[in-house]
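There's a structure below that I have some questions on.
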Amino acid sequence: MGHSFLRKSLAVAAAVGILTGAASAQTIKIGVVNTFSGPQASFGEMIDRAFRLYIKLNSDKLPPGVKIEIINRDDGGANPDKAKQLAQELIVRDKIDFLSGITFTPNGMAIAPIATQAKMPTVLVNAGTSVVVTRSPYYVRTSFTIFQHCVPLGTWAAKSLKKTFILVSDYAPGHDCEEAYSSSYKPAGGEIVGVIRAPVATADFAPFLQRVKDAKPDALMVFLPAGRTATAMMKSFVDLGLKSSGIKLIGTGDIAPEEELPNMGDEAIGTISMFHYSAAGDRPANKAFVAAWRKEYGEKATPNFAAASSWDGMAMMFDAIIKQNGKLNPDKSIEIMSHFKTDNSPRGTIYIDPETRDIVQNEYLRETRRVNGELQNVEIETAAVAIKDPWQAMQKAKK
Amino acid sequence: MQAFASSLVSVLFHGIAYGMILYVISVGLSVTMGLMGFVNLAHGVFAMAGGLLLSTAMAKYAVPFPLALLLAFVVVALGSVVLERLLYSKLYSAGELAQVLFTMGLIFISIAIARQLYGTQAAPVFLPDYLKGQINILGRDFPAFRVVLIFISAIIVVTLWFGVERTRWGAMVRAAVDNRDMAQSVGINTNRLFMVTFALGSGLAGLGGALGSDILPVQSTYPLENLVYFMIVVAVGGLGSLSGPFIAALMIGIADTATKYWFPELGAFLIYAATIGLLLWRPQGLFGVRS
Amino acid sequence: MSAPALETRDLCKQFGALTVASNINFRLEAGARHALIGPNGAGKTTFVNMLTGALPATSGKILFGGEDISQMAQAARTKRGLGRTFQITSLFRDLPVLDNVALGIAEREGVSLKMWKPASSYKTIRDESMAHLETMGLAAEALLRVKDLPYGKQRLVEIAIALGLKPKVLLLDEPAAGVPSIESGRILDVLADLPKDIAILIIEHDMDIVFRFAQRITVLVQGAVLVEGAPEEIANDQRVRDVYLGEGGHD
Amino acid sequence: MTRTGSYSGHARIGIMEALPWIAAIAVFFLLPDYLSLGARIMIYILFTLSLDLILGYAGIITLGHSVFLGIGAYAAGILSVKLNINDPFLQLIAGSLMSAVFGLASGAVILRTKNLTLLMLTLAITAIVYEIGNKASWLTGGADGLPGVQVNPFFGRFEFDLWGRTGYIYCVIVLFVVWFVVRRLIYSPFGAMLTGIRENTPRMHALGAPVYQRLLIVYTISAGIAGIAGVLMTQVTQSVGLNVLTFEVAGDVLVMLILGGVGRIYGAFVGPVVYMIAQDLLAKQFPEYWSFGVGVLLIFVVFFARGGILGLVDKIAARGRTP
């Protein structure tokens, strides 16, 4: 009885599907596994806002009759089992055409097998561990990799800062950054005078920084998880007199996130960070992006790197939809997205490396400054142009 | 050798600062747990509230720092009385499980409220200029704020101990911790005693949360993230004791700092392992009146 | 002469500076009906707790049938045949009366670690529990929860549990405390009918019960044995009278 | 009704007890789109059931039960990824054993204590194991998780599929077997004895029960069952993340059990079903209110419904019976 009921309901569903299809109003569904709750919830908002803003401003470019629907699901943070269930449901139940979001690497790892199984074109807009994009041929990444930041940072630092102390969070991305920085810094003549792997949950950085201070390096290279501990680190850096003793604070953009700058105050001024995006970037595309963002979400709102990646990720999905005129084929979609290129990203020129399906972008050296009374990460140099993920190259070299 | 001595001074300094804050926050927990036998996992909520109050008062209403500290103490103490009368007091004899669940519920609620009001970022605390920078003591530079923090905490500790040793209230608390039934039978109004003590303990937590916002940044998940440390102080120090948690807090503060300084790769291992060892050696804590 | 059922030698207990038992030397002969009396706070319950192992003694020895059990855990002492009841009823209040008794029998019989067959299928345990309840006149209440029983009957359950352990020595800590006098008569009848081979030590305030039941009486005052003797000796002992009169008589 | 081994009651399986299984089968046919959520619910029921054994029956309060879920989960993951052992049943047995051994070892140490000290020790041990999981990234993948877990098709035929059918059936069958075993255990003299410990530990001492040894046994069994839940989670997700070792998961499972009802076996069924469906429906619409809601719910249960949902059902049923 169960079976016949099931068959009937499927038949009804199919009939409805045909009818709506015939009406030529086509809805393309994008399933988003994202983080809206828990301590990392700010990602969810950034990504969702970027998606919706792009759709709002660009829906006229879609083929006639095509509409985009976003279906959000909350994974609550790095919860692979939950993320996988949500992705599975989006695919099976909601019959989505694209999967996106994927804030955290473990979640991306868990979803990969079903993305492959379901041939689901998936756009990673945040997870930053190099290996994750290799887990499925249906993965494309618009975000970044840790190696992309930390390798150029090492290259740049070696030019003027001869001795570095490294402080990274003691988890996989932190270890990646430590490795990446050393790989370019040491061959260029830099000396690493100490490494501290601090527990991820560190609240008080004073003891670590005291040791850094005692080691008297030229630079302190810091990698922390995005979004919560940077302010505490920055305060201790100044309080303990590291800044006044001339040690340069350098790191990825995570040590001076736009949303935390107001809380940091003048302590943050002079911080050097390597990142793929700054809201203060003066490219016209970025100025337009930030202006649109503020118009939509208020004068005080500022988009961050996750917003930029998501904006570009949506642009990429639009590209695939437009090029196929709304008649989507997963393999075709992946093919198109793997060759995506734009000069109009808020990040400048970006493209996808067809071989790795990974992002190729510029890395900007920024310095935190006060501009018109507002703290900004001012891009002072394009440190790397069209950099591919160095990790992939290193893996190849190993083989 | 001199380098080692110098680093030892640093470790002790930061360790004591951290330990002092842990103590000011946790002492109330030790006393209420010893006095009322209440497993209050939500003690950190009061500390968070203190920190958020301080942040708001200073950032929004430009309240000077000392006044904001006082405000944190008073408001949290008063707020805790309301909770105590309405909810806590109903569960004094309800058994551990009910207390654990109730206080977990409080934690969840407070996290949600804090996030709604303050977002996920740490609440900003902009110290006045006179607390910034370095103070030179005996030829060494120390961060000014931490010096002040140790100083204020020391005053609080001395006042508290003096209060418990010399006042009628203190005598009643000590009597009731020793033997609640006895205290009741000699005419101590334990209801009021509990309320006042709870308020004081929570107020101190609020003060500690505010004072320590530099060391333990205040954000919405604060009560959960720091729960283990507060509990360790109390469990290791011993329930119902004033001096036990003091020594435990200093030990934890210094040990934690020393690990971070010399063996950062050990992370929190050492603290947890030491806690487990200590509790197995003395299940009632170092100076516990009861387990 | 065979070893006494239970004996203590120089048993002491101190809580900090407070001495609650000092050099207690005590013998409970096999099959004895012995009472332990003394004013409030004399240390009677502390003494019982040390005998059963609920409290460790500070110094001294406890011998059970001649064997030194001073260092033994409470459960092991129970297994050897040292049973007790509690002063304040300490029952499984939410469980049926029958189960209160059966749990002890199951421990005695060593079936508590059986994990597969339902407890209710262990007929012998069930039948024996019922037999003890019948002895206590509680057969009709076997399936009620203990907390639904009147207080006097709860005291009877206490004794039924103790009997279920088939003790060689039974320590009764105020079996009739708080029981209305009608029902305390029942308790007394039950006690009188207990098998003769069980040595019984009763702690009791009710002197009627003590004098009707006991063949020997030990008087404990401030943690020390004041005097021991036959009931009539105790009744006529001036020191005992002083102690009790000084207290304003017993209740 | 509190379900408990009893010398005075009976242990027949009632009609109502078939309900969960009828529901499980019905879901398979009627809600084929919900099977992956269904499988996760089954896993959490298993996990909650293991907690009910020690909390509901033996009265041990723990804030670190996730450690056993995590050890089972990582054991299965490491077996597959590092040792290439992909037999599902071998993983199941190995994971459960690992977890049980850890339960035995840690229980032997901590069960000598009680109350707050015990609570703290459960927390501290879980925190340490979490740290190890994070640090030993060569073995566990650290914070990136351990992906690429392979599970051979069951009996050489049934693979995990996109719809989650195989996973669902597998989880239901494992749960059924464990449920049957746990039910026997609860109704056995051992279960009756556990209830005795929960109700009145000093009295059990006086009855001659070596309480510590008994607690250790049940703690080990519970750890083994939680380990099974962990293995299932790894197998169904085909990867493992550090989240299985967090305090959050330990807290979640506690909430689920309390919500369903403690010491009733079926509380462990009702709690996760209600909690996870509510989370699935509400958390995505009102993520910011979710933890607020859970907090209010907990307090409500403590003050007004100590027996959880099943306790409320009992009360209503009792009211219906007495006119």
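A, B, C and D label the chains in the order they appear, each numbered from 1.
One rule holds for everything that comes next: contacts are C-beta pairs under 8 Å (C-beta built on N, C-alpha and C of every residue); 3 or more make two chains touch, one makes a residue touch a chain.
Computed from a predicted structure; not experimentally measured.
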>> I need the common contact partners of chain B and chain C, sorted by label.
In response: D
> Which chain has its C-alpha centre farthest away from the C-alpha centre of chain C?
Replying inline: A
> CA centre of chain C versus CA centre of chain D: separation in Å?
Replying inline: 42
>> How many angstrom lie between the centres of chain A and chain D, each centre taken as the mean Cα position?
In response: 35
> How many Å are there between the centre of chain A and the centre of chain C, using C-alpha atoms for each centre?
Replying inline: 73
>> Centroid from C-alpha atoms only, then distance chain B to chain D, rounded to Å. What do you get?
In response: 34
>> Give the residues of chain A touching no fewer than two other chains, as numbers and ranges.
In response: 41, 170, 199
> Residue numbers in chain B touching 2 or more other chains?
Replying inline: 115, 267-268
> Touching pairs of chains, which are they?
Replying inline: A-B, A-D, B-D, C-D
> Given the complex with chain D, which residues does chain A contribute to the contact?
Replying inline: 2-3, 5-6, 36-37, 41, 44, 72-74, 76-82, 84-85, 88-89, 91-93, 105-107, 109-110, 112-114, 117-118, 129, 131-132, 135, 170-173, 175, 199-200
> Quick one: in the complex, what on chain B touches chain A?
Replying inline: 3, 6-7, 10-11, 14-15, 17-18, 115, 119-122, 124, 126, 132-134, 141, 143, 145-146, 214-217, 219-221, 225-226, 256-258, 260-261, 264-265, 267-268
> chain D touches which residues of chain C in the complex?
Replying inline: 52, 54, 73-76, 78-79, 84, 86, 90-96, 98-99, 102-104, 106-108, 111-122, 125-126, 129, 142-143, 161, 165
>> List the residues on chain B that touch chain D in their complex, please.
In response: 33, 39, 87, 90-91, 94, 96-98, 100-102, 104-113, 115-116, 224, 228, 231-232, 234-235, 239, 267-269, 272-273, 275-276, 279-280, 283-285, 291
>> Residue numbers of chain D touching chain C in their complex, please.
In response: 2, 4-11, 184-185, 187-193, 195-196, 199-200, 202-211, 214, 217
